[in-house]
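Before anything else, here is the set of structures, which you'll find just below.
Each of the next two complexes has subunit A plus one other chain: subunit B in the first, subunit C in the second.
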Partner chain A sequence: MKEKLTIQLIMALILFLPFNRVIASEQKLIITGSSTVAPLMLEIAKAFEKKNPGVRIDVQSGGSSRGLSDARSGLADIGMASRGLKPEESDLKNYVVALDGICIILNKNNPVVKLTDQQIIQIFKGEIKNWKQVGGLDAAITVVNKAEGRSTLELFEQYFKLKNSEIKASVVIGDNEQGIKTVSGNTNAIGYVSIGAAEYNVELGTPIKLLSMSGVLATTENIKLGLYPLSRPLNLVTKASPEGLQKKFIEFATSSEVNTLVQQQYFVPAKK
Partner chain B sequence: MFNSNTLSPQRNDFFLLWTLRSLSLIGGALSLLILLFIVFESSSVIQEIGGLSFFTDASWYPKEGLFNLVPMLAASLLAAFGAALLAAPLGILVGVFCNFYAPQSLAWFYRRCIDLLAGIPSVVYGFWGLVFLVPWIGSLRPPGASLISGIIILTIMILPTMAMTADAIFRTTSKSQLKSASALGFSKWSIIYKIVFPAARKNLFAGFILQIGRALGETMAILMVCGNVVQLPKSFFDPVRTLTANMALEMAYATGQHRSALFVSGLLLLILVVGLVFIADFFEQDLRYD
Partner chain C sequence: MIKSAQSKVEYLVTYIVWGLSILLLLSMIFLIYKMVGPGFSTIRWDYFLSEPLNSGRSGGISSILISTLLIVGVCLFVAIPIGLGTAIWLTEFTTSQSFLGQNIRRSLDILAGVPSIVFGLFGNALFCRYLGLGFSIISGGLTLACMVLPILIRSIEVGIRSIPSEHRFSASALGLSTFSQLYHLILPLAVPGIVVGLVLGIGRAVAETAALVFTSGYVDRMPSSISDSGRSLSVHIYDLSMNVPGGESNAYKSVFVILILLFFLNTLTMFLADRLLARKVMNE
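On to the complex of A and B.
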């Protein structure tokens, strides 16, 4: 008797575990992925829910890699990725919602106003260790790097042809906001974050400044014009050709109806 | 308690007994399931590269196949022990103050303050650390985000529970012993030093060990102030990454071997905490059942 009930209980426990995951239904969409895209997608989802009563959209952030793998495994109806797809990911369908750029940020009180690509590479590799060497004050440089797996880091590494193990970081951070807080609190720090987040903080009066890249000012305007080199598409990703609610949402998210929402998040609407 | 051989079996007892049994089974099963889950998730990478790699690889660059966890293990231990060493004397002094020196009303007020300190979410401490403590330490020795920042934040975080534990332990000191000592003309400090401390020593030590466990598990605040660079610190002013910060920073973005390796850091942390609990159990004297 005793053993039997114990076994039954254990069986029940084991049986119930796999069913905890929410199964995607017709009237509910699950969107997961990039923490860069997630805030924008939340706004778009709200607007979409307002237009279509009875529909619920669940947006979860967790990084581009998660968005892609969730879209592929079917855990999410739509994935979000803040980068273009890699060749091995070409089995997925992608739709550009907006554009984003990353920019190098310095503390406002740092007298340095310009750095060449080469200087940036040397700073992040630890070959230039003092601001004096690039025309600044005599102070050690605090290199702020992103944690491994972040798409911002991937884009940065790709552009400057660096490997993460070559970067000699003094501080490793998670999201954009933490990066901005770190640089605004340290006169000698250098970091990189999404332009959208950086512009927004400059407007709020956070003491940081955005560096130009190869002579092009880091502004959302220049990304829209395609002039700014360090930029990336923000994508929605699906496993197969979208259908039903999925299709309706993607059409909405890529239409000009969401331009205001995109701009409110300091991203750049994608060209049609 | 429900011995059915001597008492006639009652329906109510039967239901209560089995409800309690199944609830406790679920409770126990949950922790075992978590352990199994972590072991299962980490087993794939351990099988592929062997357990030794986590201690002998050149560094931690999971995307490049390097998985050394030693610097993070060291950082976790240093931060937790450092914080516990600072918080323990402070917490004990708070306990002594509340129990033996403060007037009733002040002690009450003081205890509420400590409760409040314990109730503040860790992310708030982390945020304060990020905008205030880190820049301040950075102005002394850049970059500011460092082992010492982590120790200070952790100290503030575990101080309230250390103080509450000490407070509770001192309150249970035998009243008759205290009265006898008073009657013998001992000074207040002699009573505390010669009678209260020796009686409470083992329980205080157990509390100390449990606080280390708590400090080991802290994540958000540590993530925000420690700098998260994977390295063995050469001084207190070097940035470090703890095991918990490692998981929090990379888990959301990790796949495959990388993800599995993060579970290995979780497993390592779990083993450390289990070890600490056993040590604490060894020293703790029936405090729980008083």
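On to the complex of A and C.
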């Protein structure tokens, strides 16, 4: 008897699960793509939903190329890409939401102030092992690398044309915070992190310094001006000129209203 | 002389077996300590009750926990009847040498080894696009059901096969119909196999990441129905540790939650299987 009751209860629960509760007058947008942009877009979408009741925005991740193909095929209303569009993708329209840049960081007490691209490549390949070789103290270099799968690692390798297997890392880290902690605690360490996170820590007084890249100072200002070489745009992509809700959302996501959200994700706002 | 050499070998084997089990136990304890330690010390009750904020860096996981339970629920709701049915067909309605039976078994074993991302893309193509279910909890649950079925069927099958044929002969001799044989004899005796299948299946379902990113999706708000997109715990952990700078500490808390969830679901499975099936033998 008791067992029958349990079974009936379970059946009733399943049957009454609201299977397809469609709320009338609800407007919905689907955004798919880059897993780097997705956490930021999720927050922007929440802020947009709060401003526009009755609107729902579903953010799905899956990678930049997926975002581009979904936007093209119409599966998604908007795609996300953490890189600029290639010439063969010029049929799509893109809107820059934020910028991401990475910089080489050293400990503040390290006397080295400049490294050329070639020297950086040699250090990360393990061909230069001592700071003496690049004008520093006689001490072994601690190379701090990112864990595989990190978008900063991707950008770093792309810029310096390095393969992950070529990098001889002494320490492998996960996120920016961990990288900054490692370098600030070790005079002989060299690492690379998101510029937003590094600047934030310098303001807090963490003993690190940001190296210039090809003579350009590593500042969020220079990323915004497009001068800093080691950066990439975070884009929203649409197939045709955006209309209606799509247009409204893109306007919101590219406005200065989202700047705080962008900075919270350690990215650089596209607009002041 | 020979005898003492033999007993030496026996001692040695005993030591090796004990040594290996202790090694396994120690590595398990180490793993749990490493995984649970950082989460356990910082977790609070409201972590279970509030929704994630700031990409999951702060806030809780209530919506994600609900999505996970719904996804696993849909998966089991579909997989258990199909799994039981197929396993019974394979053992009771066809001989182990039959062409069809052998081929089904072989395909199941191959399916069990297919990487989960393949199931994810398959589920995305079939459930999300072709059947038009979109990114939703139901798409995710159905995809997981496809993944879990091979394991479930094969373990139930092994469970049923382990029942001595004498039992069946006596049941037939007593004139029991096929249905009564199944209901009163085979199923209750197959409970250990079913439990093993369910525990392995639930484990695979709860731990799944790749298949769910493309089917049930990434949305972390509270689902209002199973046709909504919902993020599972494992996807949440993956995202926090790979894509969200500063998400590490909350990722550990979620790891702690997922371990508790698995423990809870497995206990519940054993309890329910015991209640609903095993007692049949004694009652009748």
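We adopt the following convention: the second predicted complex is superposed on the first by the 150 of 272 C-alpha atoms of A that agree within 3 Å, B and C clash if a C-alpha of one lies under 4 Å from a C-alpha of the other, contacts with A are read in each partner's own complex, and residues count from 1 in each chain.
Definition applied: a contact is a pair of C-beta atoms (placed from the backbone, for glycine too) under 8 Å apart; a residue touches a chain by one contact, two chains touch by 3 or more.
Everything quoted here is computed from the prediction, not taken from an experiment.
**Student:** Kindly classify A:62 by the partners it touches after superposition: subunit B alone (first), subunit C alone (second), both, or neither?
**Tutor:** both
**Student:** Look at A:75 in the shared chain and tell me whether it touches subunit B only, subunit C only, both, or neither; answer first, second, both or neither.
**Tutor:** second
**Student:** Between subunit B and subunit C, whom does A:30 touch in the aligned arrangement: first, second, both, or neither?
**Tutor:** second
**Student:** Using the superposition on chain A described above, determine whether A:176 touches subunit B (first), subunit C (second), both, or neither.
**Tutor:** second
**Student:** Touch test for A:108: subunit B only (first), subunit C only (second), both, or neither?
**Tutor:** In the superposition, A:108 touches no partner, neither subunit B nor subunit C.
**Student:** Is A:194 contacted by the first partner subunit B, the second partner subunit C, both or neither?
**Tutor:** second
**Student:** Share the list of subunit A residues that count as touching for subunit B in one structure and for subunit C in the other.
**Tutor:** Looking at subunit A, the two contact sets intersect at 6, 17, 35, 61-62, 149-151, 174, 178.
**Student:** Which stretch or stretches of subunit B touch subunit A in the complex?
**Tutor:** Counting only subunit B, the residues touching subunit A are 18, 22, 25-26, 29, 33, 59, 61-64, 66, 130-131, 134-135, 138, 142-145, 223-224, 227-230, 239, 241, 248-250, 252-255, 258.
**Student:** Under the definition above, what is the set of subunit A residues touching subunit B in their complex?
**Tutor:** Where subunit A meets subunit B, its residues are 5-6, 9-10, 13, 17, 35, 61-66, 69, 139-140, 142, 147-151, 163-165, 169-174, 178, 181-182, 185-186, 188-189.
**Student:** Under the definition above, what is the set of subunit A residues touching subunit C in their complex?
**Tutor:** 3, 6-7, 14, 17-21, 30, 35-36, 38-40, 42-43, 46, 58-62, 75, 149-151, 174-178, 194, 197, 264-266
**Student:** Going by the contact rule at the top, pick out the subunit C residues touching subunit A in the complex.
**Tutor:** Listed in rising order, the residues of subunit C that touch subunit A are 54-56, 77, 129, 134-135, 213-214, 217-221, 224-227, 229, 239, 241-248, 275-276.
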